[in-house]
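Report on one structure; see the data block that follows.
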Amino acid sequence: MADDPRKPEDATPHDGDDPGPVAPAAPAAAAASTPPGEVAVPGAAAAPASPRPPVAPKPAAPPPAKPAGAVAARPPAAPKPAAEHPPKAAPPSGPAEPPPPADVPVPAFIARLQAAKPGAVTLVSYFVGDWTIVVPVDRLHEVAQHLRDAPEAAFDFCSDVTATDWPPRAAERFDVVYCLYSTTHRQRIRVKTRAGETTPVRSVTDLWPAANWLEREVFDMFGVNFTGHPDRRRILMPDDWQGHPQRKDYPLEGPGELLLENPQEWLKLKQTRDEADLE
Amino acid sequence: MITSTHYMLLSAALFMIGVIGVMVRRNIIIIFMAIELILNAVNINLIAFSHALQNAVGQVFAIFVIAVAAAEAAVGLGIILAFYRNKETLNIDEMNLMKW
Amino acid sequence: MDAPALRHGAMFDTNELELNMGPQHPSTHGVLRVVLRLDGEKVVDADVVIGYLHRGIEKLSENRNYTQIVLLTDRMDYVAAATNNVGYCETVEKLMAIEVPRRARYVRTIVCELQRIASHCLWVGTHAMDIGAMTVFLYAFRERELILDLFEELCGARLTYNSQRIGGLPLDIPPGWDRKVLAFVEVMTGKVEEYEALLTENRIWLERTKGVGVIEGPEAIALGLSGPPLRGSGVPRDIRKDEPYAAYDEMQFEVPLGKAGDTYDRYVVRMEEFRQSLRIIRQAAEGIPEGPVVGKVPRLIKPPAGETYHAIESPKGELGYFVVSDGKSTNPYRFRVRPPSFCNLQALRRLCRGHLVADVVALIGSLDVVLGEVDR
Amino acid sequence: MGEAIAFYTLAAFILGFAVLVIATKDTVHSVLFLVLDFLFVAALYVLLEAPFLAVIQVLVYAGGIVVLYLFVVMLVNLKRPPEAHQDPRRRTWLGFGLSAAILAELAAIALYSSAGAAPAGPAAALPVAGNTEQVGWLLYTRYLIPFEIASMLLLVAMIGAIVLAKREL
Amino acid sequence: MIDTFVIPLVKILVVLNATLVAVSYMVLLERKVIAWTQSRLGPMRVGPYGVLQPIADAIKLMIKEDITPVRADRWVFTLAPIISMVPALIVYAVIPFGPTVTIFGHAVPLYVTDINVGLLYIVSVASVGVYGIILAGYASNSKYPLLASLRASAQLISYEVAVTLTLVSVILMAGSLSMVSIVLAQEQARVWYGFVQPLAFGIFFIGSLAETNRAPFDMPEAEQELTGGFHTEYSGMRFALFFLAEYANMIVVSSVATTLFLGGWLRPFPNVAWLGVLDLIPGWIWFLVKSFVFLYIFIWVRATLPRYRYDQLMRLGWKVLIPLAILNLVATAIVKVWWLA
């Protein structure tokens, strides 16, 4: 029987004694925008287009002694007036990147890359046939340049640029993933880098023009701060949209129940916010 | 009986209307149209007398008049376009510069 | 009144006119808006605005288990829905290292190629209609109906098929289905000649498509084009050959390539792909082996912790799935789709610079974009 | 009798439309009146047994030249009518006065000249009958040189118009 | 008394009504023929095999609300469809449907009138038809129709030049402008001018396609690019007028082509004696059959050919058709003079 998606396997019943401090004290701007009576859902708080400083206090850091399996400091799932959501299982703190097994030889271009750029590759991983390398944010552009231009790598086709959100890793929250393919050597690689909400990630549009829209979508959906991008605007969501939908802490229903229950008030609220922006 | 003087009076009247149009109006396109009216008045006279004298020469000249009118209209409108492109107006009073 | 600044050469009323094409426009194949800045008739710049059909499939799929996501993938490229199913199921099978039986892989190959023909039918119909040839549209849709009937027999639906399961097929193919596919192949081979007779040597068609939207190989690769638009520029890139999936490694077929990389070459590549797909279907339908249609799949699909990117050759280009699983829950932690129409559409801005409005319409047709896939 | 009625109605229409051409404010309407005026002039030529000229008038004048005017009027769609601002130096009465003077002079010529002038004899009979044929005959025999000059003039006008209107050559 | 008033009046009535009926049934014919080429049935619902469809269309268009856009030039907005329809109808005055026939003892020439500047009359009336399109675009007071009407009229004028030049070469052959004498000249020469002047016939056909905004040259109404062309803002009866004007022009062009190039009411192959049996069929039926064939080709071309881009269309007009027409004219003149010498 297909498992009911809402009830995860080992969810301990939520006993309401939520250890993590709920974040009521949203900043003034957010309060003005927070409709009365609706608890500020941090993700939907009035984040102006430019990435706001991490105003909403996140749970500082997961308590050092994370009891094994116990419900860790999961994001403050504010009690919703709608159907009571049982807490999701503790989100994993990071992607599983198994080290390459012994019998699989490291491909030449990765070895050559590590030789050419010492210290640029912090981790090499191999899983079901895919090679992945993790690169620090500041050396990303340099590594990308090398991968594109080095004759033995020749990754001239930027297949995909995307991101994965790991909220518990507050400082380096996002995994920005570049899937590259070489049309000449017919080989693939995934370059990953860790970035927080505001860390500047140098755009690779100058290396691969294909990345232009892909990075715009990652910015639109996650809010990753791409610098040097030719025209960094939202691509899928309306230009004046608040918040970044594909973040884990962004509620599935969207900007809160106010819009659904009485759109007029939401509109009035939006007008006041637009006028506020105008002055 | 309609004699050629009737036609002459008609073309004179048309001629007068054309002249008034040229003198009074400021919009250069209307002035151009008034000139066309004047040319038409001339044509009516030509053909009236060609009919009266049973001689087709008048009609030949009427064709030449039409040819000239066509040429004049083409070049004139070209000038109007060039002028409007720079001055954004068609008021004839502003066309007081020989070179702009 | 002082004479306004003498604007040298600025024509009186044709300073840059902004023309809004879409989102409600007969030739934008769905809700796509192109803001054209025109100088007279020539397109100076084309800002493509998308997002009108964004349903948040990636966000939704993070709250559904692996079996339910197959339904979501139907609704992305609704013109070739079965290809999306195959792509997704193969990604999860790669993640869980499930071995799919040979019979299922053969059926998957047939399904993918049927979808390619159906998608190209719709493409040639609408593309020709945009440029004025009305008749090809009706012929193409007559053939597409035959394919839809085949799919209705296979999985009961005509548009959103839900035709695959992780590990293979939901049910074995109905008896005699492969003979019907072979019958279809006989009919279709003649019909492709009909389309070509109407268009390929048609002087007006040549004049409207030759030399329109030219893009060389290296620039096409850099811009992320894939599928027929990339092969139209002569780049021999076809995932069915480079990274064979399903049963493509056992099939013999060529990859048609264009030369100049203009709209006409993209047209010729797709018309040739009609024939190659028919050839593949004939081989697959004749050589379909016996045996089970579902591999060893745990009742509850919970892939191990890890992530993978797997791409297949959809009729529009490289359709890639990036699935991250956290090993504990039955929902994917992150589900990302690399839609070919999204990346091909990005090239529209570069392609239609310097062309006329009528060419923009031809270019949108030649890129063959489906907005359901672009906006997800 | 019929001819008189036809003449007076046509004359009334022609003069009426001519007045409207120079009187209306909206330029497009005056162009329209000009077209109607030319059509009635063409009708007048039919009355004067010159069908060839009537058709040429419709074809060249109404179908060609006035279309040019309409094009220019539409391309130049004026935001504000040129007469909007009054230029003090412009006195309309001067215009009317001058026109009256010209009228008087014309009337004088008409009175004196008609008395004395002996109408020229009818032209030598042309070998061809029919209005169009006669015009054609004359055009290509006695008036060949003016015909060539007229075609040169049209060529020059065409080149001039293209040079003026084209933005970049 | 009868000959001077009644018969012409009857002829006028017959010709006008026949044209209006023919125009409405042209619409149905087009939809049916295009449907057959696209392997579908076309209108089948109203009346047996959709025969009453034109009446249904007419009623629909009459009932529909007739909207005038705000701040549109009301007078010009109403005048434009009339200007584009009237020339198409008054052209029929000079088109000879058949030779003189005696009915009940009266010699009735099967044409409304025969003026000796017949062909020039047709060309000049056609040139006045351009106003309908320009004024429609101007009066609808919005950007797209204005652009479309400018393009449409520019196309019309440039193709008018090409068509008129081909007509001149036919006049050169026939030696007269009057339509009836052109047909008589063909009868006397016992050959259709379409065979003697194939190039002129081809240019005339392409030019007339462009002149009526049809088939590969229907840029102005190309829905795909500019939304709908010059009659976007029109609805109801006014739109019907535009719609019928296009088909009326098509019929005009095909009857002119039949008269000039396909020998009017002559039977096919007049020079072949033993085909005399074809003479039993009266002349005007031949005329109708030939114009029907010409119309059928119009529709057939529309069903198959894609559309030219605007600049290609103008280039074809000016750089291909006009030079060819002049060449043809000069060649005909030389042959004629050499023949006479």
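Chains here go by letter, A, B, C, D and E, matching the order in which they are written, and residues are numbered from 1 within each.
Methods note: a residue touches a chain if its C-beta (ideal position, glycine included) is under 8 Å from a C-beta of that chain, and two chains touch if they have at least 3 such contacts.
All values derive from a computational prediction rather than experimental measurement.
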Query raised in the report: Which chain has its C-alpha centroid at the greatest distance from the C-alpha centroid of chain E?
Result: A
Requested in this report: Could you tell me which chain's Cα centre is nearest to the average position of every protein Cα atom shown?
Outcome: C
Query - Most heavily contacting chain pair (counted by C-beta pairs in contact) - result: B-D
Query raised in the report: Measuring from the mean C-alpha position of chain A to the mean C-alpha position of chain C, what distance in angstrom results?
Result: 28
Query raised in the report: Rounded to the nearest whole Å, what is the centre-to-centre distance of chain C and chain E, using the mean of the C-alpha atoms as each centre?
Result: 45
Report task. Quick one: report the Å distance separating chain B from chain C, using the average Cα coordinate of each chain. Result -> 64
Query raised in the report: Roughly how far is chain B from chain D, going centre to centre by Cα mean, in whole Å?
Result: 5
Requested in this report: Return the residues of chain B touching two or more other chains; collapse runs of consecutive numbers into ranges.
Outcome: 81, 84, 89
**Report entry** Set of chain E residues in contact with two or more other chains
**Finding:** none
Report summary line: Interface with chain E, chain D side, in the complex: residues 26, 28-29, 32, 35, 39, 51-52, 54-56, 58-59, 62-64, 67, 70-71, 74-75, 130-132
Query raised in the report: Which residues of chain E touch chain D in the complex?
Result: 73, 75-76, 79, 115-117, 120-121, 123-128, 130-131, 134-135, 137-138, 146, 150, 153, 157, 177
Query raised in the report: Which positions of chain C touch chain A when the two form their complex?
Result: 50-51, 54, 56, 58-60, 63-65, 67-68, 94-95, 97, 218, 221-224, 226, 235, 237, 242-243, 300, 304-309, 311, 318, 320, 322, 324, 326-331, 333-334, 336, 338, 342-343, 346, 350, 375-376
Query raised in the report: Across the complex, what residues on chain A touch chain C?
Result: 2-3, 5, 8-9, 88-89, 91-92, 95-96, 98, 127-130, 132, 156-160, 162, 164-165, 177, 179, 183, 186, 188, 190, 208-214, 221, 234-238, 245-246, 250, 252
**Report entry** Residue ranges of chain B touching chain D (in the complex, touch as defined)
**Finding:** 1-2, 5-8, 10, 12-21, 23-30, 32-34, 36-37, 40, 43-44, 47-48, 50-57, 59-60, 62-64, 66-75, 77-82, 84, 89-93
